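For clarity, chains are labelled A, B, C, D, E, F and G in written order, and residue numbers in each chain start from 1.
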Amino acid sequence: MAFVGRGRGYDRAITVFSPDGKLFQVQYAQEAVKRGYTALGVKVNSGVVLAAERRSPSKLVEDGSVEKIFQVDDHIGAGASGLIADARVLIDRARIEAQVNRMRYDEPIPVETLSRSIGDIKQMYTQHGGVRPFGTRFLIGGVDANGPQLYETDPSGVVAAYKAHAIGGGAAGAIEVLESRYEEDASLDDAISLALDALKTVIEGKLGSDKVEMTIIPAETEEFEKLSKDKVDEYIKKAG
Amino acid sequence: MAFVGRGRGYDRAITVFSPDGKLFQVQYAQEAVKRGYTALGVKVNSGVVLAAERRSPSKLVEDGSVEKIFQVDDHIGAGASGLIADARVLIDRARIEAQVNRMRYDEPIPVETLSRSIGDIKQMYTQHGGVRPFGTRFLIGGVDANGPQLYETDPSGVVAAYKAHAIGGGAAGAIEVLESRYEEDASLDDAISLALDALKTVIEGKLGSDKVEMTIIPAETEEFEKLSKDKVDEYIKKAG
Amino acid sequence: MAFVGRGRGYDRAITVFSPDGKLFQVQYAQEAVKRGYTALGVKVNSGVVLAAERRSPSKLVEDGSVEKIFQVDDHIGAGASGLIADARVLIDRARIEAQVNRMRYDEPIPVETLSRSIGDIKQMYTQHGGVRPFGTRFLIGGVDANGPQLYETDPSGVVAAYKAHAIGGGAAGAIEVLESRYEEDASLDDAISLALDALKTVIEGKLGSDKVEMTIIPAETEEFEKLSKDKVDEYIKKAG
Amino acid sequence: MAFVGRGRGYDRAITVFSPDGKLFQVQYAQEAVKRGYTALGVKVNSGVVLAAERRSPSKLVEDGSVEKIFQVDDHIGAGASGLIADARVLIDRARIEAQVNRMRYDEPIPVETLSRSIGDIKQMYTQHGGVRPFGTRFLIGGVDANGPQLYETDPSGVVAAYKAHAIGGGAAGAIEVLESRYEEDASLDDAISLALDALKTVIEGKLGSDKVEMTIIPAETEEFEKLSKDKVDEYIKKAG
Amino acid sequence: MAFVGRGRGYDRAITVFSPDGKLFQVQYAQEAVKRGYTALGVKVNSGVVLAAERRSPSKLVEDGSVEKIFQVDDHIGAGASGLIADARVLIDRARIEAQVNRMRYDEPIPVETLSRSIGDIKQMYTQHGGVRPFGTRFLIGGVDANGPQLYETDPSGVVAAYKAHAIGGGAAGAIEVLESRYEEDASLDDAISLALDALKTVIEGKLGSDKVEMTIIPAETEEFEKLSKDKVDEYIKKAG
Amino acid sequence: MAFVGRGRGYDRAITVFSPDGKLFQVQYAQEAVKRGYTALGVKVNSGVVLAAERRSPSKLVEDGSVEKIFQVDDHIGAGASGLIADARVLIDRARIEAQVNRMRYDEPIPVETLSRSIGDIKQMYTQHGGVRPFGTRFLIGGVDANGPQLYETDPSGVVAAYKAHAIGGGAAGAIEVLESRYEEDASLDDAISLALDALKTVIEGKLGSDKVEMTIIPAETEEFEKLSKDKVDEYIKKAG
Amino acid sequence: MAFVGRGRGYDRAITVFSPDGKLFQVQYAQEAVKRGYTALGVKVNSGVVLAAERRSPSKLVEDGSVEKIFQVDDHIGAGASGLIADARVLIDRARIEAQVNRMRYDEPIPVETLSRSIGDIKQMYTQHGGVRPFGTRFLIGGVDANGPQLYETDPSGVVAAYKAHAIGGGAAGAIEVLESRYEEDASLDDAISLALDALKTVIEGKLGSDKVEMTIIPAETEEFEKLSKDKVDEYIKKAG
């Protein structure tokens, strides 16, 4: 009942405030993220691990076709949760931002700069008329001059740095695992192992490379590296 | 009842989020696709087959006049389902995109690039005010430097790669057939035969070239080739 | 009852989707066509016949003043049904399109190209805000390099090729006659006779040149030719 | 009751279709015309007569101050009915159109060209957002290369040629008189006499030059000529 | 009751037609005029008199501070009724119009030209979205090449010429006096006397220069001349 | 009850007329002024006094931080009441206006010119869509070539000249005092004394420099001069 | 109940006035601030202290990642409360403003100039259509040519100078402490101590550097200096 009254007054055309100071359209966009697949990131001194749940709508979908972890630049990747089409559009802008930075300053874009720039775009879509907020949350991981980095941006445009974090439908359970076992000076292998354990909480049945998408950016190479299915299975066995 | 409340609050002027994080206008556009004719694609190592249901609103309509499979470039075709006029407008943009690619890079556009570009246009129509989403879904098939390719784009702008897939009103039944019998290394003739069998599930009465529109892009020639009615009937007989 | 709820939610300002994937404003525009006078076209190998019902709102209206068959170019004509003012505006654009084609390519515009271009304009008016769809349907007939052609465009922007077709309030009855007697290799005289018989189904009282507007584009001359009242009466007598 | 429901859904901001294919704002604009004063035109071989009812809101209004018959060019006049301010704005555009034609082609604008151009403006105001239709109907009379001409344009943008016609609140009665006595080869004096008789049906009390505004464009002179009150009274006496 | 229904449907955002062909926003703007102070004009062969009721909201308001009679050019003045701020904005445009006319044609602007130009602006504000009509009515008086002139413009943009006229809250009573005693060849003194008598009908208590604002434009001088309080009191005594 | 009906129909998006010719949004903006602090002005032959109530939201607010009397130019000040942020924005425009006048005409801007210019901006915000009226009223005082001046502008854009005037929540009581004791040829000291007495009616407790903001523009110096707390206390003691 | 009626009429699309002269959207934005973390500032002769509550949404968030105190320029910092993404966007504009000032005038921007410029942007977002107000309040502290400065800007655009002030959810309690113990000539150490005591009122459990973010701008150095965790803990111990 109360809902009907609210619904009609606040969430039209432009994102407006409700009487208690909330932006409904932004909160609804957050719901879109909660309905999305789970993605997570683990940042240790030796690098960053990004992982995401992989669930095929059909047996005939090509492997890796609907990616949830995007390469943004040589040294930066991003895991997305929520509306995939929204994510792709933002990732494209992020890639351009990164290219422009290389041309202008002749150096790779810092992960924080890139993350804030995505946050700014998202904020703009919560304040101006004629558009809706982006229904997507990102975990942006990379290695730059300051070492490994992991940032999150949410639909409202908030940007925060994390040691490890999870987003999407199964975030709560995954975060619990991350919090209980995270160690900053873990090896990259241990970080991968932690990421797999955290993902297990949201995956039905036995864990396998068909259900996991995984990427690492080692501090040493500073290079985005997508793990092959074999590599993932190997880690699963090791983590076993 | 509940519907009235929802209807009035969320689906006006611009595509906004509902309290549970859905974009109603996009979902309604998906309904337009479900009301459309069935189209399907089968991608094997030897090439791609695109097929679509053909149903005449009148005995006096010219054969092939309301096409559901469009040629986008020499090496790419697209089967559409949903609002035909929306499809035509997007296909026109895709053709220009393909031409521009040839001029700029002096080579045929990759099927994935083209598909993502259509997905981006579709996404934009779900986020900005003053427009409605496109009520059409595409199966984009072609052969490029990476061999045969088959992509789907939906009204929200999601792009996914498939081995074989069906869209439109009868998609569910057709997909079942495709999943049960698909083989990646099948010959093109076998792929055509599979496509016909899958289409049979949505066609009333005896299958015939008057009820099927079919196109192939063989890996060998990399050329879009519309099958004549005789050719189709020949395949039907063979598949018989 | 249910209607009131629907009416308020979907058909404002911009053409949006209803929950079942329909565009209400487009469907309402189709209703405007159904309330319009009947027009029809017959395409045979020897040419195209366009005919339309003529009904004077007043005895003092000038003959042929409110035309329903428009000349678009030397070789193309169009019968319209629905809102006459909308039709005139679109026909003006079609004429410019045809002129531009002659200037640019030094040859008459193909009938299909012209028809698709009108379809594209119509589609645009169903997707962008601040405008309503065109409340008019066209039968576009002509003779080009591929021989006689007959296309229909509807308010949603769909374009289809026909052998013979009717639009407007009495379309159903007229189409029945066309379907039962159409022959592709009929003479132009027989085609005219068929058109008159089909029109008879929608005309009250005795058929006469005061109730019929008729135009031919013979395959031989490729010239749009409006039939005089005498000519029409002659054909009526012959068809008698 | 039903009306309230309809009213809220269809006639806002932009002219949209009702479920039965009507444009309400256009129909309401037609009502504005029906509430207006009566104007009429008679076209004979020897010229055109435009006449309009004259009713002063106050004894102190200057004669001819709120004109209902406008001179558009040397050879064209227009009688208006409906919202006078709307009419004046459109007449100003028509005058510019006529001037431009003289400059561009070095000849007077054909009456049909001018009428269609006004019709096009009117149609545009029924299809695009942010404006309302023009609440005025015109009878445009003149003499051009094709002899005397009389056209009507209505709020929807429809343009039609007439031998004689009436618009405004008393149109029905006036048209009856025109239809019963019109002759194409009447003298201009007889045409004036017919116009006065038709006007009589809508004028209360004794006919006099204080109640009639009258203009002629003789075929011979091709010049717009406003009749003086004396001239009008003379004709009334003659018509007696 | 009926009002609520009407209110919601017709008078939003843009001035739209009601089912019976009226423009509600324009009619409501007319109400703003009826709530305004009374102004009147008397045009005789020897010149024009403009007069207006003067009522101070406070004893400390400066005399003549909220003027209701504006000088537009050397030879033209305007009495306004309704929203004073709206009036001032339009008068500023009128002054520019007058200046431009002097520069362009090297002669004073005709009163009719100026009045129509204000009427055109007013009409535009009744037809385009995003604005409301002007809530003001003018009596524009002046002397030009055609002698003394008096025009009225209302919120809808209608322009009419008057011998004498009154606007605003007390218009009805004032017009009655004007109609009963107006003479075209009266002296300017008699015209002033008539204006004062007409104003008396709307002024409470004894007439005095503190309650009357008065301006004359004599035919001889063609100069706008604001009467001093002494001058006004002198006339009141004379009119006695 | 009645309110609900009104609220929904008239005060949206753009300032529209109510059926009785009022502009609700403007009236609501006037309410914002009535909720504001009191400011007043006294203009005598020897100069202008501007005074305003000073009430700190907190003990820690800096003195004079939320100013209610603004300096516009060397010779002009303005007391504001209503929304302070709206006032500041308009004062900034007024300052630019004053600067431009000095550059263009090499002389200080007349107080009336400045006041009308602010009134014009305010009027514009009551007539065009997409903005709300300014919720602020000004008392603009200064000394120019015509001596001391005091003008008021309200949210509708009305501009009026006053001898003395008060605005804001306690205007009524303050005006009463001003009216009873105002003398045009008072000394500036007496004017200050009068201003303090008028302010007393709205100030709770004992009058002190902590509760009063005061500015003078003496006719002699033509310079805006903010009175120090000591100066104010001195006057309070004198007025005692 | 009453709320529903109000909600629908006043807070759409654009910030409009309610019948009692309030801007609802602005008030709702104030609510967003009240839901935010607490920030406070203390300005003494020896410098400015900015402090803010630090609460981590997760154990794995990086320290200082979601900053609430921003550096704007060498000599200016700002504490924000409310929507963090809104704050970041405004701070970016403030930084540009400060840079531009350095380039244009070759000197650091005065704190008041910067604060008013942010207030102006905020005001604009409360008056123009198509945007919502900023849901953030700032405490802007710095040292410029006039010594230490502390300003507050609220969502409506009001700017005020303070000796000491607090914003956000726990403002009331913190202000109480500030008011009771503030001394203008305190040492910077005492000011820090006061800030910590004020913060204590809003922090649950034992105060520690993990719960406090603190920045100083000493009058001597005129340099923004973020206090390290150790430094903060030292002060806490001292304040003990």
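In this text, a residue touches a chain if its C-beta (ideal position, glycine included) is under 8 Å from a C-beta of that chain, and two chains touch if they have at least 3 such contacts.
Remember, predicted model here, so these are calculated numbers, not experimental data.
Identification of common neighbours of chain F and chain G yields an empty set.
Counted as hops between touching chains, the shortest connection from chain B to chain D is 2. Seen as a C-alpha superposition, chain D sits on chain E after a turn of 50°, to the nearest 5. Per-chain CA centroids place chain C at a distance of 68 Å from chain G. Centre-to-centre separation between chain B and chain C, using Cα means, comes to 30 Å. The residues of chain C that reach two or more other chains are 8, 12-13, 129-130, listed in rising order. Chain-to-chain contact here is organised cyclically: the chains close a single ring, every chain touching exactly two others.
By the touch criterion given at the top, residues 3-4, 7-8, 11-13, 24-25, 28-35, 57-62, 65-66, 83-86, 88-89, 92, 125, 129-135 of chain G touch chain A in their complex.
Listed in rising order, the residues of chain E touching chain D in the complex are 5-6, 8-10, 12-23, 116, 119-120, 122-124, 126-130, 156-165, 175, 178-179, 182.
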